[in-house]
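We just call them A, B, C and D in the order they show up, numbering each chain from 1.
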């Protein structure tokens, strides 16, 4: 029971957007949230934008790269805001890593390793009544990629988010490791970044016994960071010539933007829901500022946007093309 | 001070082999150990074999694949024993992982991830008087590969040793990430195994802040194992539908071959030197058995041999060829 | 901005309780939450109960044991519900530990170790404008105990909650380790439980460098559990003759009551706020059931209650008395 | 097969000492090692000292405090060396902790927690043919303490070794938790140190599921250290206002004495046998120096000696007396 007023509870998004757009500006909804399967992202998002509503949308942003570019164009035209829920970029210690690289504390980045093993699709669960598995492994609902679209995009986003670099080309080995599956359930991808750094991205949904083990390591000339989603309140900061440091959420020595995304004092663990909350919270703060005619701060604007959604779809295109190619390298173009 | 008899301390290997081979059979040395840089492996090994001495040799076994095959042929001709010190295969919990896959406890293997990041070559140390760095980064002493030869071969060996599978093709991205270096100091390699499993191997010596962080994960249909050299007495055993188990060295529930390679009761950590010791110990036991006219047991014969040395050199050849190729896949041929 | 109606936002609790109690039953508030310093718990709680309101209250429940007993009597008279926010008992994996002992999976309990080191009072912060430090170290606001009242009570509660046992006597060494402090900032306590088990409880707020490191280990004849608040989604389950198991939140193999307190699938970490939420959630569900004339389930009733609040105050009394005594053992009496 | 000369392999210690003492000084053994059960320490140690041999001896040093004092007196009279194998003080990272406190890096020590849980005596194994269990639980062979003598002494020693402090009084709760056992198999002990610091020591051999989990935390005004034997190559160094640091064996930033006790570069784990080796190695170096008429360095003299053996026996006496006393505090007197 969500205590929503009955006359504003709708059976479909068309009714909602039509009805809400006819309400006075100070009554109508501020934004629409789209958490449907991938194939059902574009239409409601476009309709919302066309009718003046800001949008929060699940990743991958759309079904195709073309749809993504249409949304991007509409956002630019309307000046509305679109927030893409790459949840893991909402964790405070991810933001700490980003802040440390932005300050140049580790020198030039040389190497990025990001891995995302899950085990939950180790069986053919899509044939056993698992609804989450069913749409994610169905090309008509999920798009042209399976594991790479579902979690590979998270891994790719985290790499670009923390490093501030962009992938320029890649070499993908995509696999269907459970017989009978229609989309990739595993993949290993070599990466090159725009500063010359090398990388490797691994995503698998058949890593039997792993839960949701997203982990990233970014290596610079002077040191490196390591962050794992299973222990999200810890960031390992490693150095060439001195002891590894354990940075912890909620501590005074963190960057301002990190602290703005912590709710509790050190030692009171926060988790996935708070990371998700940070994405929404920053988005909402930036929206409120805009509504009040104020300039949102950098901290408020720290949420994934439509451009990252377009790049995510381009990542899927490149990774699938590479998976089918005999050439070593495939360009990552948007 | 090693308390060696003065008249049997030699200035070079030629003298040693000549002199020892003239001693009575019950007095002469049982085997020769070669721990020189790679370019100086073949000649003493071949001379030793030609004069009837067994050989223990550092990896990679030789400077070139051709030399490796010559040693292999000589070992076959003479019936002598050659032990290759792939140290990490000497750890008890590595043997436990091997034993569990051999028993089929995890079903068919689907995926292998093996990573070996070190940070000690993050600077151009070979120009700053570091002798270990100097020969390892010199193509005339190390061979055609740098990091891939020095530690990539360990990672590759561990993958084949634990899984019982063989790499059939690979796709390598080799990098020189420290300017001015003559050989690869970093590489990411996509792998395919002979049962169709996918794999990924990473080796880097510019992973600033990492020590010697060899780690392997092998995923089967029903579960997986994870082993990291930094905590070598622990093997994580993960399952699809039940809690992960922490297998520990020295415990009664381990396989016989694992227990034969443990010296201390559970909770008394063993380390790198004991793993090294296990390689030598097993080799020595097998030699003693042979000398006594007995058949060495499987446990005694559990040390890396000349065939693994040949495959290791073929791995280097394939990885370097792939690194220079525009094709995605390069065959791994011996 | 909490979007509360202006005419129901009150300046003090007396006004609130008076005004709300005059509203129609279906409009008035369902319960009162008291999160003031310890000395200001009793009066609002008693007034709320006297006026028919259920109560949620911070621990320790009151300023004195006598106050606690008055609240207990009032709860019994009125049939109202009182919920005591011993947050850490809200963690799912704590409930899993409790469930496993309740089922007898480890045999008779022999030993309980519970430790709660914090470092945040390592300096005389109460003199440097830290408001949280100021009242907690002030006997007039905090009561007769410092660290033992603030966090020792949590540790004691966790021990009784998981084990189902009761402390019968104790031997306390209470210390003021920062000169100039008015109340204990550290203590070590030997415990005896009603089944004969031995125990040890440590609480410190001068453990420089520790955050909020509550940890408990409970040992039975056949095995034991270990849970640490810093990694709350993990419960180590250890056995005499087989590998330690890593139980994880969100997994299908957990007890029903554990699963009812998980919000996310395995691998999506939950934290302190969700544990707090579980206390409130269970309390609210039980209240709703009662209001609907239904019997709350055991899962709904799984929140700390007034009896635990009375025992908590008795713990403080016993620990302070023991700290001042030359006798080894002091009875824990309610 | 240890390749010992047949004519110097003896059936009992009397023969050995008699025969060896008649050999020329440059041929005879340098020291005697005593690794018998506790009741059989004193006689061979005393005979060795009386005949001019240095002694290495297992802990606890003797069967009674009186014996220990006799050995101490004899060592002082003869000027010979006695080394007590408190193995855990041989770990490099334990020495690092000691060095950091000696330098005053953490300010005054306020608190020491040391715990030593083992699970191997969770059953009445002494009745099931376990020889190690049999003598350790037999008062005639082990002495007046069980777990406290066997492992409590290690924990006590580690606390004094790292901190440089001395225990002045204690309050012990000793337990027999497995019915039918003749000696304590568990104990919790409150401690006071000579600088006023508080402490707590726990030792148990019925901690079902634990291996050999010795762990110590020492808290100063400015920070603290944490070391656990299960991961001996790591020392956690925690600070009030900055990130925790992970000090690692084999690294250049360690103290000189730490580095002198490391054999391998960082990331090549060393373990229990190397810690044991360090004790012997330092003892042997100091002996060689003395034989050569040189002054042994501080690093060479860093091994446990007869005075620590006497204090260890006094610890057992105090802990057993306290366990039987109704008074809270028992003096720790030598």
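Definition applied: a residue touches a chain if its C-beta (ideal position, glycine included) is under 8 Å from a C-beta of that chain, and two chains touch if they have at least 3 such contacts.
What you see is a predicted model, and the numbers here were worked out from it, not measured in a lab.
Novice: Higher C-beta contact count, C-D or A-C?
Specialist: The greater number of contacts lies at C-D.
Novice: Among the chains, which has its CA centre at the largest distance from chain C's?
Specialist: Computed centres place B farthest from chain C.
Novice: Determine the centre-to-centre distance between chain B and chain C, using the mean Cα coordinates as centres, and give it in whole Å.
Specialist: Their C-alpha centroids are separated by 53 Å.
Novice: Could you give the separation in Å between the centres of chain A and chain C, each centre being the mean of its C-alpha atoms?
Specialist: Here the centre of chain C sits 37 Å away from the centre of chain A.
Novice: I'd like to verify one number: the distance from the centre of chain C to the centre of chain D, where each centre is the average of its C-alpha atoms, in whole angstrom.
Specialist: A distance of 39 Å separates the two centres.
Novice: Which chain A residues sit where two or more other chains touch them?
Specialist: Each of 210, 244, 248 in chain A touches at least two other chains.
Novice: Sort out for me which residues of chain C touch chain A in the complex.
Specialist: Its residues touching chain A are 118, 120, 210-213, 229-233, 248, 250, 263-274.
Novice: Going by the contact rule at the top, pick out the chain C residues touching chain D in the complex.
Specialist: 106, 110-111, 113, 115, 117, 119, 122-123, 171, 173, 175, 177, 186, 188, 190, 198-200, 202, 204, 206-210, 217, 219-224, 237-240, 244, 325-329
Novice: Write out the stretch or stretches of chain A touching chain D in their complex.
Specialist: Within the complex, chain A contacts chain D at residues 237, 241-248, 251-253.
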